[in-house]
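In what comes next, chain A is part of two complexes: it sits with chain B in the first one and with chain C in the second one.
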Partner chain A sequence: MPKLTIDGKEIEVAPGTNLIEAARQLGIEIPHYCYHPGLSIAGQCRLCMVDIEKAPRPTIACNTQAADGMVVATQTERVKETQRSIMEFHLINHPLDCPVCDQAGECWLQIYYMKYGLYDPRMVDEKVHKPKAVPLGPHVMLDAERCILCSRCVRFCDEITGTGELGIFHRGDQSEIGLFPGRDLENKYSGNVVDICPVGALTDRDFRFQVRVWYLDTAKSICPGCARGCNIDVHVNRRRPHHAGGKRVARLKPRFNAEVNKWWLCDEGRYGYGFVDDASRVTTPVWRSEPVPWDTAIAEVTRALGRHAPDAVGVVASPKMPNEDLMAVRRLAEALGTRQVGFKVPPRTPGDQDDLLIRADKNPNTRAAELIGLDGDVAGILTAARSGRIKALWVFGHDLFDSAWLESDVTLALGALETLIFTGTNAGRTSALAHLVLPATAWVERDGTFTNWEGRVQRFRPAVEPLGEALPEWDIVGRVLGMLGHAASATRAEHWFVDLAANVEAFRGMTYQSIGETGRMTQ
Partner chain B sequence: MTEKILTRNFDRADAHTLGAYRETGGYTGWEKARTMEPAGITEEVKKANLRGLGGAGFPTGMKWSFVPKNHTGPVYLVINADEGEPGTFKDRYLLERDPHALIDGMLIAARAVRCEKAFVYIRGEYVEPYRRFAAAVKEAYEAGLLGDGLDIVVHRGAGAYICGEETGLISSLEGKKGWPKVKPPFPAIKGAFGMPTIVNNVETIAHVPHIVNRGAAWFAPGIYEESVGITLRQLIDRAGGVSGNGRLKGVVPGGSSAPILRADEIDVTMDVDGLRNAGTMAGSAGVIVMDETVSIPEALMVVARFYAHESCGQCTPCRESTGWIYKMSERILSGHGRKEDLDTILDVAKRGAGTTICAFYDGAVGPYISYIEKFRDEFEALVTDGAGTRARATPAPVAR
Partner chain C sequence: MNLAQRFYLREVLSGLGLTAGHFFRNMGRHIAHSLGRRDARGAVTIQYPEERRPLAPRLRSLHRLVRREDGSPRCVACMMCETVCPARCIYIVADEHPNPEIEKVPSRFDIDLGKCVFCGYCVEACPEDAIRMDTGILEFSSFSRGGMIYTKEALLALEPAGPDGRPASPVPIPADRRP
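Coming up: the complex of A and B.
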């Protein structure tokens, strides 16, 4: 393990660590543009200069591996002068119109100019002009004048997706990012180039000009788009509700997790949050097509479920529900004494999967539903409903019509029921048939945990308030349990997690604290 | 006059043929080398102190010895015949008039570095040199010199100056954009197609048969060809003197990247050390002589246009400042210069120097700085100070 000194501080790092990462471990920032820890070294921006003892001139840190006994200085006059020069070079042809650029506020040209630039501008000649507002694909817009030619986007498409849509064309200051002829930037991970672009050259067509980034708030979360459980930040606009047509969730951004998604996120997950602010959200409990107070709805549910023999009541939980809520459903089934519980509904079309992130199972929590013991036969439950053996059915989340099953079979099954209860975030054909509709919070409106396909339990936090009167499923179920005469002790999702950790072997001993920021594996 | 070595056959009309080359002792170097141990060949070249003639003057034997000893896969030898440096056309004559000397040298060098496949990267504009060299390669295959231990692939470039920089050349050879690569790794460790690769200039390798033939002791710097060791002034006289009215303004001694010398600075010897002491460099040794009619601001604009056009565009300092300096030089020339532009050019050039991936930018800095510092009065006579920046005006706010 090489031991080196950076700005007078000693540190031992793993062999092969470069100086940017070694300094980072000491809390020392070495400014850089082209270097990205997930991509190959390009050495093109020339900003990451440091002084190394005995070297005649500053050296780039990104392409220098830490060596034993190396003495590095990041704050010499020479280094600072070089950084100032490189910043000037980066900006001579860059438009100086930050107020109209959507990247403003999260732009590394702005950030580094304030920290390492602050030179007096000398460029008076006409700048180089290049194409602006060029759609590269369904999600990404290019402004070539704002591009600093760091080549990160090119390397991403070459090295991570292997799709190679992008290139740098022409030479000198005419160099320009662009698509190879006949190509579009439409790989399944295209949104990542927006994240890694340090400037306003690549922007998200979905997000650009919707809301300024300084109005955003953020919460740590987990993508619910598939069984991978990519770590994300949810960016929400609470301060300018009149912007972006009232959409509260502005965008999702990947959050680094070395074990799960590294720096990346797939497009399907990234752009899959539309349901949260969609007009189809259910916002109030509905009984027989009329809005009712929660107390009325809970009383009706309790009455409908309690009226029948245990096995005449069915429950279809959802693998999109968090661990806590699934635990609550298990307790409900136990309280009712029914064995008619399941959660798996076959998708209409099989999900796609690849070697990077995307999993065929488009549910974030199938693993937990199995571990908690909810894996019953949903098709069997529907058959029982159709033949009148099941009289009351509580469906969580699923629109049963949006499945591989025949529409007529579902219609006959649901139509035969005495009581159909639907709990979910958005209205659909199942909720339309329901006698009781109970609005659930979307995952960004609450906290909880998901268990990914590998068994990693990960936390997500609330980013916005619940819409309307929506409640988390654990709360709805908990209220019904209370009415059924069970001690309603859970006032937070975490209380259900305590129950889970105490009573389901795979989760034994876990707490929200021990899960931490990077998750913890089930046993 | 000293003995002619490389150019000795240049006067023969059939010099490019295998027959003519053999008549004058051709391939005896290779005959001798094939009985030698590879390490012995490298040792001989080291002792001869052969320095690369591609511009950087790197010791050739030392470069060969960098190939990792424990490497088991292929090793490549790449001959740099891209010759793009303005004012330089020496390799062209070797390819056209003595192509077998290069093949002879390649056979020897290949044995020294245990290479079985060599590439010759020829500048795209060099049509005749390419034809002659390709024909010589064919002759050598037919004569059994090639194809038994060494294969040569002749590759034509597409006219980018940067593809002469050895790692840019390798990228281009690999089928990629001709971008120089960050070092380390150096090509001798990890070069073309990820394998150890020795890149040498045409002229460098053409010297090798003579070194092997006549021994390292015979080949001491200073005795080969006629230019080395004589002064620049003598060289210009021998070439027929200064054009026009005979009055000299300046000399660029080693390709366009070498800093310019004023007329009163040319009593220096034409070798690496003499020119270095005079603040310039031997570079490719292509000499550009400017008589009194030449406008240095115009010369700067022309050379700045070249570097702006040829920068590969990877490194920020090079990409951005070559274009900026070209714009300033052009503005000065057209009468829109400001006094501070001169110091801006000098400052920008000095700040960018030494910060880039390859030596292209340092080469550009040579003329930028030396033209202005040595002929500042010519520039000052042109700047009109405040006469206009040609910057666009922005509408002022409407008065209330």
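Coming up: the complex of A and C.
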């Protein structure tokens, strides 16, 4: 293990660690543009200069591995002068259009100019002009003028996705990022090039001009798009409701988790939040097409469920529901005494899968639903409903018509029911048939945990207020349990997690605290 | 307070004296004016709205949006003014401009004058010199709060005040008073 000194502080690092990472471990920032821990080292930007003892001139830190006895200085006059000059070089042809640039506010040129630049510009010639606002693909917009040619996006497409759509064309100050002829930047991870672009050259077409970044609030969350459970930050706009057409969730950004998604996020997950602010959201409890207060709705649910023999009541939980809510559904099934509980609804088209992130199972919490013991036969429940053996059915989340099953079968089954209760975020064909529709909160509006396909339990936090009167499913189920005469004391999702950790073997001993930021594996 | 001040009557009389003094002075001037002394000012009072107090050139009056040569707004919807506005009375919605050199344009630019505190920070913050407060218009009113919201079109139609400080544009008619 090499032991080196950086700015007078000693540190021992793993062999092969470069100086940027070694300094980061000491809390020392070495500015850089082209270096990214997830990509190969290019040494393009020359900004990460440090002084190494006995070296004749400043050296780039990204491509220098820590060696035993190395003495590194990051704050010498020579280093500062070099950084200042390199900032000046980077900005020679960079347009001063920060006001219209979507990156403004999170731009590393702005940040590093204020920290390491602050020079008097000496450039008197006309800046080189290049194409602006060029769509590269369905999600990414290029402004070649703003590019500093760090080549992160090129390396991403070469090394991570292996698709290689991007390259650097022409020479000298005419160099620009571009697509190879006949190609489009349309791989399944194209949104990541926007994240890794340190400047405003690559911007998100979905987010472009919607909200300025300084209006955004952020909350740590988990992507609900598939069973991978990528760690994300949810960026929400609560301060300027007239921006982005009133959409509260502005964008999703990947959050580093070495064990799950590293730095990346697929496009399907990244742009899959549209349902949260969609016009189809259910915002108030509805009983027989009339909006009713929650108390009435809960009383009706309790009456409808309590009227029948235990096995004449069916429950279809959803693998999109968090662990806490699935536990509440299990407690409900126990209270009702029914064994007609299931959650697996086959998708109409099988999901795609690759060996980077995307999983074929497009539900974030299938694993937990299995572990909690809700894995019954949903097709059997529908058959029983059709033959009249099940009288009341409570469907969570699913639109049963959006499945591999025949529409006529689903119509007959749901039509034969005495009471159909639907709880979910958005209206659909199942909710249209339901006698009772109970609005549920979207995952960004509440606290909870998902268990990914490997069994990693990860926490997500509320980013915005629930829309309308929507409640989390655990709360709806908890209120029904209370009406059924069971002591339902849970007032927070965490209380259900305590129940889960105490009574389901795989989750034993877990708490929100012990899950932490990176999640914890089930046993 | 001393005894004389507490006595109250003395202060009342001195106040009445001041008012009466103005009254008789104005009356004298009006009589002189109507008897043919045209050079005598009729009164010390400024006869608003026919007569106006001269405005300082730096005075901040109703905002206007500066136009490009083709009449489109110079504003690029960068939200600097909206961000700096302490009253949060500016509402901008950005849109794509067909010309990639301009790139961004406001599809909506509303100022809620019912909230505006006329601090002038928006003018100060604007990197494009697209908003100014030099119309000389001080008289705008409305019967409703909604009528105090001036839209992009209304703000774009305004002209800067003349060299004498007189407004060159009519006072915009708020939405709630349009026929």
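Quick note on the criterion: the second predicted complex is superposed on the first by the 523 of 523 C-alpha atoms of A that agree within 3 Å, B and C clash if a C-alpha of one lies under 4 Å from a C-alpha of the other, contacts with A are read in each partner's own complex, and residues count from 1 in each chain.
The working rule: a contact is a pair of C-beta atoms (placed from the backbone, for glycine too) under 8 Å apart; a residue touches a chain by one contact, two chains touch by 3 or more.
All of these numbers come straight from a predicted model, not from anything done at the bench.
In the superposition on chain A, A:Val154 contacts neither chain B nor chain C. Once the two complexes are laid over each other on the shared chain, residue contacts for A:Leu336 go to neither chain B nor chain C.
In the superposed model, A:Pro99 makes contact with chain C only, not with chain B.
By the touch criterion stated above, A:Arg212 is placed in contact with chain C alone, chain B being left untouched. Once chain A of one complex is fitted onto chain A of the other, the partner contacts of A:Gln174 are limited to chain B, with no touch recorded for chain C. When the two structures are aligned on the shared chain, A:Lys132 is found in touch with chain C, with no touch to chain B.
Once chain A of one complex is fitted onto chain A of the other, the partner contacts of A:Leu47 are limited to chain B, with no touch recorded for chain C.
In the superposed model, B is the one of chain B and chain C that contacts more residues of chain A. Of the two partner chains placed by superposition, only chain B is touched by A:Arg122; chain C is not. Of the two partner chains placed around the shared chain by superposition, neither chain B nor chain C is touched by A:Ala328.
Within the complex formed with chain A, the chain C residues making contact are 76-80, 82-83, 91, 93-96, 100-104, 108, 127-128.
Taken together, the chain A residues at the contact with chain C in this complex read 97-100, 104, 131-134, 208-210, 212, 214-215, 240, 242-243.
Across the complex, chain B meets chain A through its residues 160, 162, 177, 182, 184, 308-317, 319-324, 327-328, 331, 338, 340, 344, 351-352, 354-357, 389-392. By the touch criterion given at the top, residues 41-47, 49, 57-58, 60, 63, 81-82, 85-86, 88-90, 92-93, 122-126, 128, 148-149, 151, 167-168, 170-175 of chain A touch chain B in their complex.
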